[in-house]
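Letters A, B, C and D mark the chains as written, and numbering starts fresh at 1 in each.
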Amino acid sequence: MNLRKLREEVLDANLELVRRGLVLYTFGNASGIDRKNRVVVIKPSGVPYETMKAWHLVITDLEGNVLEGNLRPSSDLATHLVLYKAFPTIGGVAHTHSTAATSWAQARRPIPCFGTTHADYFRGSVPVTKPLTKTQIHSDYELNTGKSIVKSFAGLDPLHYPGVLVAGHAPFCWGVTPADAVHNAVVLEAIARMASETLRANPNARPIDAHLHRKHFLRKHGDSAYYGQREIK
Amino acid sequence: MNLRKLREEVLDANLELVRRGLVLYTFGNASGIDRKNRVVVIKPSGVPYETMKAWHLVITDLEGNVLEGNLRPSSDLATHLVLYKAFPTIGGVAHTHSTAATSWAQARRPIPCFGTTHADYFRGSVPVTKPLTKTQIHSDYELNTGKSIVKSFAGLDPLHYPGVLVAGHAPFCWGVTPADAVHNAVVLEAIARMASETLRANPNARPIDAHLHRKHFLRKHGDSAYYGQREIK
Amino acid sequence: MNLRKLREEVLDANLELVRRGLVLYTFGNASGIDRKNRVVVIKPSGVPYETMKAWHLVITDLEGNVLEGNLRPSSDLATHLVLYKAFPTIGGVAHTHSTAATSWAQARRPIPCFGTTHADYFRGSVPVTKPLTKTQIHSDYELNTGKSIVKSFAGLDPLHYPGVLVAGHAPFCWGVTPADAVHNAVVLEAIARMASETLRANPNARPIDAHLHRKHFLRKHGDSAYYGQREIK
Amino acid sequence: MNLRKLREEVLDANLELVRRGLVLYTFGNASGIDRKNRVVVIKPSGVPYETMKAWHLVITDLEGNVLEGNLRPSSDLATHLVLYKAFPTIGGVAHTHSTAATSWAQARRPIPCFGTTHADYFRGSVPVTKPLTKTQIHSDYELNTGKSIVKSFAGLDPLHYPGVLVAGHAPFCWGVTPADAVHNAVVLEAIARMASETLRANPNARPIDAHLHRKHFLRKHGDSAYYGQREIK
């Protein structure tokens, strides 16, 4: 089983979180999945990004058993695994405590779609999970965090909503690759910041019209998308 | 037809958007027009700025037909073309999703002129377009975006108002050259940010007096301008 | 008495304040204590960080008498000394005027725990001191600042609350080492900024549930902590 | 008359405005005065900072007549001259459109002293001028701007209030040297930003107590100051 490429992708995804200013110290983590071999590559827990190498990454099976690596995996591993199992189309997950998105998670409010930047990426508001119960917190906290995310996605295509705000915590994002998951985390941060600034300029700001939302989303997604270069993708 | 110089100017204008922190990923685009030859040079759609070269740029006629270039032009091309046709004095257009200006566009409020920084560039409030109708969104969306901008400029000199907020979307700016369009996009972002901060310091802030506005605008524009160096312009 | 290592640690802690963007000019200072020898190493007053060397640092006893160094110690020395005496488990202190944390100190409001980033570091709200009386200001101001901090910590473990907001002034933070104190100052700034942004997104935001708070705090602290790598700490 | 040193100081002061992020494009300017020779050195109007050299600077007498230099002086020269004449203790002036301070100028509200960072530099609120009348705007605008500043300083020591907010415009700062004027402009920006953030955390925030204000101001100013190093000043 050759995981060298996935290791490199996951390492780069984690380092990109730093380059984009989404993480402070060791907060945040990114992972990737090899669906054929049913293994996940994830950042180790609490290791500084500055000195992180591909061989620090931890490889686990879908139950969280460590297959390769001498370090403990990210404490959020169980959340990542729930997402990979529930969302078969995703290939990477990124979790950050980025300032604006985390603030909306702390505010426990879905981010309304105030403009086309948002509509280009999310088919509707950015969802927010329900707070966990006392029991859910005390046993299998990270697993239950994942379950609460999945629950809030009933009926939604996770690639049409590539991220979520975990109430009182922070965002989790995903995509078809680890790089894509990080890309979506970067965009979510921008969307969240602009939503806050929009409310500052107009406390009564309203979401954009459903037709404009749909138009922009479909300009970038699906069969009739016409943004970007097919030939160079 | 020698477009080498315009190509370089448009490339530099696009890269300047990045250097000034106005664009994230491939959001945003700048173009320039050669009025004599009736051609437009514009950024290709969805190509990363990091690797963009002058030969990636796309050359079209004023109907949007590609004359040179192997890549698809920016999906906002139709908007740029409407602006070039309606505003004969402009030579460049820049579109960004810069944070503060986009937030005002999302707030769908004209930016009031709270100070002389604004008055140095805009003869009045920064205009905001009317939202498009369902029909305008569903057919020729980008063309109709351009038309809605032009409509909101009835009676206004576009060089006295070098930018606009497209409701629920983001700003479009312009100028006598592509570099000038980008310069105005940078200034609009600063104006928008200060307007938000002004309202934070005083929610009842009022626009400046019409005399002060006129004084500052004319200090920089028109025959009696006395800002800058004539000899080094 | 070999204080070379502590000098280096304190120098690095002070320079880290600059690298992290927490200080402007000469605002702010960090110190460390050698409990065995009962001496404190602290930044000199008003010396630019750019040219600061280990030999500029000032070494004092716990009464503030200078033992080594030709420069005057930080004017906040007396505050640091009170903290070292009252909190026997701390090994370093960092004081900054960082933007967001200082703003909460100026607002004279404890920072509510709106999310898990906060809960990972503070066992409850970030405390704020009571304003000093006229008499406390006029004699031994810095000493009384320290005393007011200690007073607001009655019954609290200072390592469970690694920082405080001095009303109308700015934060003081601490930790088991000087580096740890600075780390906590960086995190406090992030917590403070996100708390402000949370209130912007939802003016009625509520603190997180006590169970979630406890869970996160204990994930990182105490005997059953499971965050990070025991083996590489 | 050897003005080489003052030229260098004024050039450096102008470039420091850029390094500190206080100016965009050619907004802002700094000057210095040689009181013995009764001449002022000031930035030329509208020249990019990137290519500015000492020999671009303009030397004028106190009536604004150009004595040396081929370029037109800053359009704000007349304002600087009024300040030099009215405030005999100042040696440098710096004018910026820095974001937070300009926003308070646009809000036309004095910045209340919410904390000790402010109290270390300003003996009270940061003053704001009265808006100019139509007549004052239409003739000798820059001169009248200076006069309105002086008027708002009746009874105040300009070194105890090293800056002002010009209503609807932006801040002017000063100090004993050009470098000092820029230093005060940097600090004013920090004070203004924290004041805005303070109001966000607590819309009912109150200024600090007069005793605390006085204590901090006198810790840094006057005969009993004990901040910094006398020996290395």
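Following the convention adopted for this analysis, contacts are C-beta pairs under 8 Å (C-beta built on N, C-alpha and C of every residue); 3 or more make two chains touch, one makes a residue touch a chain.
What you see is a predicted model; the values in this text were computed from it and never measured.
Engineer: Starting at subunit B, find the fewest moves between touching chains needed to arrive at subunit C.
Structural biologist: Counted as steps through touching chains, the separation is 2.
Engineer: If you check the contacts of subunit C and subunit D, which chains show up for both?
Structural biologist: Common neighbours, subunit C/subunit D: none found.
Engineer: Mind checking subunit A against subunit C and telling me if their interface is mostly the same residue numbers on each side, over half, or mostly different?
Structural biologist: Under half shared, hence different.
Engineer: Mind checking the rotation angle between the two copies, subunit A and subunit B? C-alpha superposition, nearest 5 degrees is fine.
Structural biologist: Best-fit rotation on C-alpha atoms: 90 degrees.
Engineer: Comparing centres built from CA atoms, which chain ends up most distant from subunit D?
Structural biologist: Looking at centroid distances, A is the chain farthest away.
Engineer: So, what's the distance in Å between the C-alpha centres of subunit D and subunit B?
Structural biologist: Using C-alpha averages as centres, the distance is 33 Å.
Engineer: CA centre of subunit A versus CA centre of subunit D: separation in Å?
Structural biologist: 46
Engineer: Send over the residues of subunit B in touch with two or more other chains.
Structural biologist: Residues 195, 199-200 of subunit B touch two or more partner chains.
Engineer: What topology does the chain touch graph have (line, ring, star, complete, other)?
Structural biologist: Contact pattern: a closed ring, each chain touching exactly two others.
Engineer: When you check every pair of chains, which ones turn out to touch?
Structural biologist: The list of touching pairs comes to A-B, A-C, B-D, C-D.
Engineer: Mind listing the subunit B positions that touch subunit A in their complex?
Structural biologist: Its residues touching subunit A are 24-27, 44-47, 70-72, 75, 97, 99-100, 102-109, 131-132, 134, 137-138, 141, 168-170, 195-196, 199-200.
Engineer: Across the complex, what residues on subunit A touch subunit B?
Structural biologist: Result: residues 114-117, 183, 186-187, 190, 193-195, 197-202, 205-206, 208-209, 211-212, 215, 219, 226-232 of subunit A touch subunit B.
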